[in-house]
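As structure tokens, here come the structures.
Look at the two complexes coming up: chain A is in both, with chain B in one and chain C in the other.
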Partner chain A sequence: MNIVEAEGVKKYFPVKGSILRREKRFIKALDGVSLSIEKGEIYSIVGETGSGKTTLGRILIGLITPTEGSVKIDNIDIFSIGKSEMREIRKRVQIIFQDPYGSLNPRMRIRDIVSEPLKLNRMEYSTEKIARVMEDVGLKPASDFMDRYPHQLSGGQRQRVAIARALAISPEFIVADEPVSMLDVSIRANFLNMMREMNKKYNVSMLMITHDISVASYIGRRISVLYLGKVVEQGENDDIIKNPLHPYTRALMEAIATLGKKEKELHIKGEIPNPMDIPKGCRFHPRCPYAMDICREVEPDLVEISNKHSVACHLYRG
Partner chain B sequence: MTGLSDFWKVFKRNKMGLTGLGIIIFFFLMAVLAPFISPYNPNQTNPNLFLSPPSSQHLFGTNEIGQDLFSRNLYGAQISLEVGFAAAAVTVIVGLLIGLISGYFGGIVDEILMRVTDFFLVIPSIVFMIIISAFLGPSLINVILVIGLLSWSPTARVVRSMVLSIREWPFVEAARASNAGHFYIMFRHIMPNVIPIVFANATMAISNAIFSQAALVFLGVGDVNDISWGQIMHFALYSGAISAGDWWYIVPPGIFIILLILGFILLGYSLEEIFNPRLRRV
Partner chain C sequence: MIDINDLFVRYKTENGYANAVDHINLRIEKGIIFGLVGESGSGKTTLGLTLLRILPPSAEIASGSVNIDGTNILRINENEMRKWRGKRISMVFQGAMNSLNPVINIERQVAEPLIIHENIDWEQALKIAREKLALVGLGENTWKRYPHELSGGMKQRVVIAMAIITDPEILIADEPTTALDVVTQDRIMKLIKSLQREYNLTTILISHDLPIVSEVADKIAIMYGGKLSEVGENEQILRNAKHPYTSGLLSSIPEPGSSKEIKGIPGEPISLVNPPKGCRFYNRCQFASEKCKNYDYSPKIVEVGHEVYCTLYGE
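Let's look at the complex of A and B:
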């Protein structure tokens, strides 16, 4: 059973042209992404800045409307339903943001922050209920934190508050947009373990958005690698990590900091191109060390290579 | 901020705020107690004592019709405080609402509201106040409304610019993801974050209102029958007392106005420091 099913999701942001140039230009943040997340699963999305991963997360919980494509949450197409039905969907999904400083209102007490989704959704709330969620995410004892303000907490504690807020309404699906990238490296693993516990305890599916493939592999059961708004590789965690196929995924794997000398290094050139000018053919070809003639002309489709392991690269054709 | 006692605990360590509050309380007491502590009826004339310098009988001297200036200065505090608070309330409420709506909704709403704001920002308000007061006639409520409704544009501008940045913060998106409506977000999430700035603006607005009222009355617009500091100065000028060098007529109300304005400014700065948790020295 899938909790989320996204089909061919595209999002083009229009760019205001000058008076002289009337043609409309677009930033193609997402250019046809499909994925499905099973109930109870943690799914990871990896991508650089500008890959469209944040936009995808927003679309999956209905905060942004896609230009094309559909998103189903528990088989309900969330962009073809009315406002009141959307309100019902919002009671079942939540989001955690990257910035633990900006995601909590500095003028609200922790108890008000955590109980807010319950109040807004007219769900029953009590101090005990809020305290239970807070202790679950590691804010123990909850009474020590209840009446504090966000600025009195550390970055890690704030991010736990953000998770407690997301879990308070017992959602079925949480989008976690780079939840650990602003935390100290020393507490990241701890934090990810806590998220994994919550995933089990609350039986909530999660989408982990990250730019760090080691985070993705640590927590995700399945992984999608996003590049310039398209999935370039998709599959089970083990397959992706042990046998990365796409040159971009391999480069990401090489980029993981390891002690000692690396045996082989794969460098990719330059930076991610401007999403207003997506390269013709394979969108990765200008940076790809294996680029062939065909890569400059034809865009590769996402093809299943082995069991549930798909890649969009001409190197693996037929 | 859990309660008044907590607030006081922080506030009492703030010397600047305490000074400001002390000055305001001083004038507040002056206004309330004026009927009880005035040595004379402020309207009682004494034909034998025109423009007499300060003496043990008349601490601030007398005016050109022999009224006791000390008593009149005590009563003058009443009008200044009334107009100051009432006009500032109008200023802050209008400025806050316009700034919030303009910044939050953006687009065409913002365009229209900001052009109106610009209009009020560029017109010389004291001139406009004189013209409108002349039309409306000299009543206290008119003076309050004229000052309040012509002074909100700086507050609206400041609030709008803060709202523009606050509405982009992730906590606003988090609220939206939890089904929060526009008005909930505006008043529960955004407004509390602009309140410190509004407080600073409110004290400025009070000072501005006290000053404007004094200026209007001094210039002869507004009600010259109500005893106020501006009115005392008005008659000091028009009776020729100033050119004659009768300093006791004009110096005390001038000092009172400046002191009261200073009190609000000091209080304003310290309140901003306290209400904004990030500025608070713990």
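Let's look at the complex of A and C:
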């Protein structure tokens, strides 16, 4: 059973043109992305700045309307339903953001921050319920944190407040947008482990958005690698990490810093281009060491190569 | 040789003094890449700023000395210091790539320090700026561009070109790869490595990211709560870590493809304001004992070049 099903999701943001330039230009943040997230799983999206990963996360919970494509949550097409139905959907999904300093209201006490989604959704709440979820995420004892303000907490503790707030309404699906990238290394590991525990304990599906493939591989069961608004590779964690097929995924794996002195050889050229000027053909071809003639002309489709492991690359066409 | 003796730098805050660099002793040999690793609030940036004497007004160098080639740069007057700052010691600041002037093209920005400080004419200064830009891997087609036309990696190269414009002997690089994607991170580290190798540039690499540092650094110092925890050769720190904090950091790093559980360190980093007596890591350490509360931070020598600041190891 899938909690989320996205089909051909596109999002084009119009760019303000000058008076002289008549034609409308677009930033193609997402250019046809499909994925499905099973109930109870942690799914990871890996991509660098400009890949469209944040836009995708927001579309999946209905915060942004896609230009094209559909998103179903528990089989309900969230962009073709009315306001009152959408309100019901909002009780079932939550999001946590990258910046633990900017995403909590500085004038609210922790108890009010955590209980706010319950109040807004007119759900029952009690101090006991809030204390329980706070202790679940490691804010122990909850009474020590209840009446404090965000500025009195460390970055790691604030991010725990953010996840407590998300879990308070017992959602079925949480989008976590780079939740650990601003946390210190020693705090990060505990936070990831806590997310895994909450995934089981609350039986909540999660989408982990990250630029760090080692974080994705640690926490997720399946991974989609996003490049300039398209999925270039998709599959089970082990298949992606141990047998990366797309030259871009391979480059990401090669580039990971690991402990010990070394000089790595990277098989990738240049940097990610501007999403306003997406290269013709395969959008990765200007950076690809294996680019062939066909790559400059024809955009490759995402094709299943082996069991549930798909890649969009001409190197693997039949 | 950079010889740091009993250096004590603190900031005045509303709640008392924050001891950012708390009586630290450190020797940094010439020509190496020295990795200074610590989490936010460990004092690593303050240590860098002290070497250039550009601390904010709330900071005070309470005691200690920093000897470079026999000169205590904390004692010389401001006029003398100006001959060091930017010329013999230079710094790549954290986030500097986002502080480039948007209305000046990059070759002029890189050349500017020469005009202001060295009294060189524009033509000569631009010539040197272009040499440095080429050196950091920016070709002719980028020299006249403006910052918004450059990618993050290219902007970071511009900042590095600015830092080496006066051929310094010592480069302090504060989190030079933070906020860059992994591929670009790797390229910037390769650039730093090549500058060290080809120009014998002594580099102090400040970062929270131990794996990135460990790929290029010859020696590594681990800081925690304004104190050193452990100092050693790269391999000594990675293969034979002695301090529980170092081991904790090492076990916090996920390895792709390994099913190993990462552990992290319980608790929260300590505040630099009014730190407790004894070991700063006490409340997060699984080996903490009574004697840690009175630990005076006398170093224990593990082997030549490897020092640990912990009561677990002999007298």
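Just so it is clear, the second predicted complex is superposed on the first by the 312 of 318 C-alpha atoms of A that agree within 3 Å, B and C clash if a C-alpha of one lies under 4 Å from a C-alpha of the other, contacts with A are read in each partner's own complex, and residues count from 1 in each chain.
As a working rule, a contact is a pair of C-beta atoms (placed from the backbone, for glycine too) under 8 Å apart; a residue touches a chain by one contact, two chains touch by 3 or more.
Source: prediction; values computed, not measured.
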Three-chain arrangement built on chain A, chain B and chain C clash or fit: fit
Touched partner set for A:107, first chain B, second chain C, both or neither: first
Contacts of A:271 with chain B and chain C, given as first, second, both or neither: second
Which partner reaches more residues of chain A (counting touched residues only), chain B or chain C: C
First, second, both or neither for A:255, with chain B first and chain C second: second
Degrees between the directions from chain A toward chain B and toward chain C, using C-alpha centres, nearest 10: 70
Touching partner for A:99 - first (chain B), second (chain C), both, neither: first
Touching partner for A:291 - first (chain B), second (chain C), both, neither: neither
Partner chain in contact with A:48 - chain B first, chain C second, else both or neither: second
Touched partner set for A:156, first chain B, second chain C, both or neither: second
Touched partner set for A:81, first chain B, second chain C, both or neither: neither
Superposed arrangement (fit on chain A Cα atoms) - minimum chain B/chain C Cα distance in Å: 5
Overlapping contact positions on chain A, where the chain C interface meets the chain B interface: none
Chain C - residues contacting chain A, complex: 39-40, 151-154, 181-187, 189-190, 193, 208-212, 214-217, 234-235, 238, 248-257, 261-266, 268-269
Contacting residues of chain A [partner chain B, same complex]: 61, 63, 87, 90-91, 93-95, 97-99, 102-108, 116-117, 120-121, 147, 149, 151, 162, 165, 169
Touch list for chain B against partner chain A, complex: 2, 169-171, 173-180, 184, 189, 192-193, 277-278
Of chain A, residues touching chain C in the complex: 48-49, 154-157, 184-193, 211-215, 217-218, 238, 241-242, 251-253, 255-264, 266, 268, 271-272
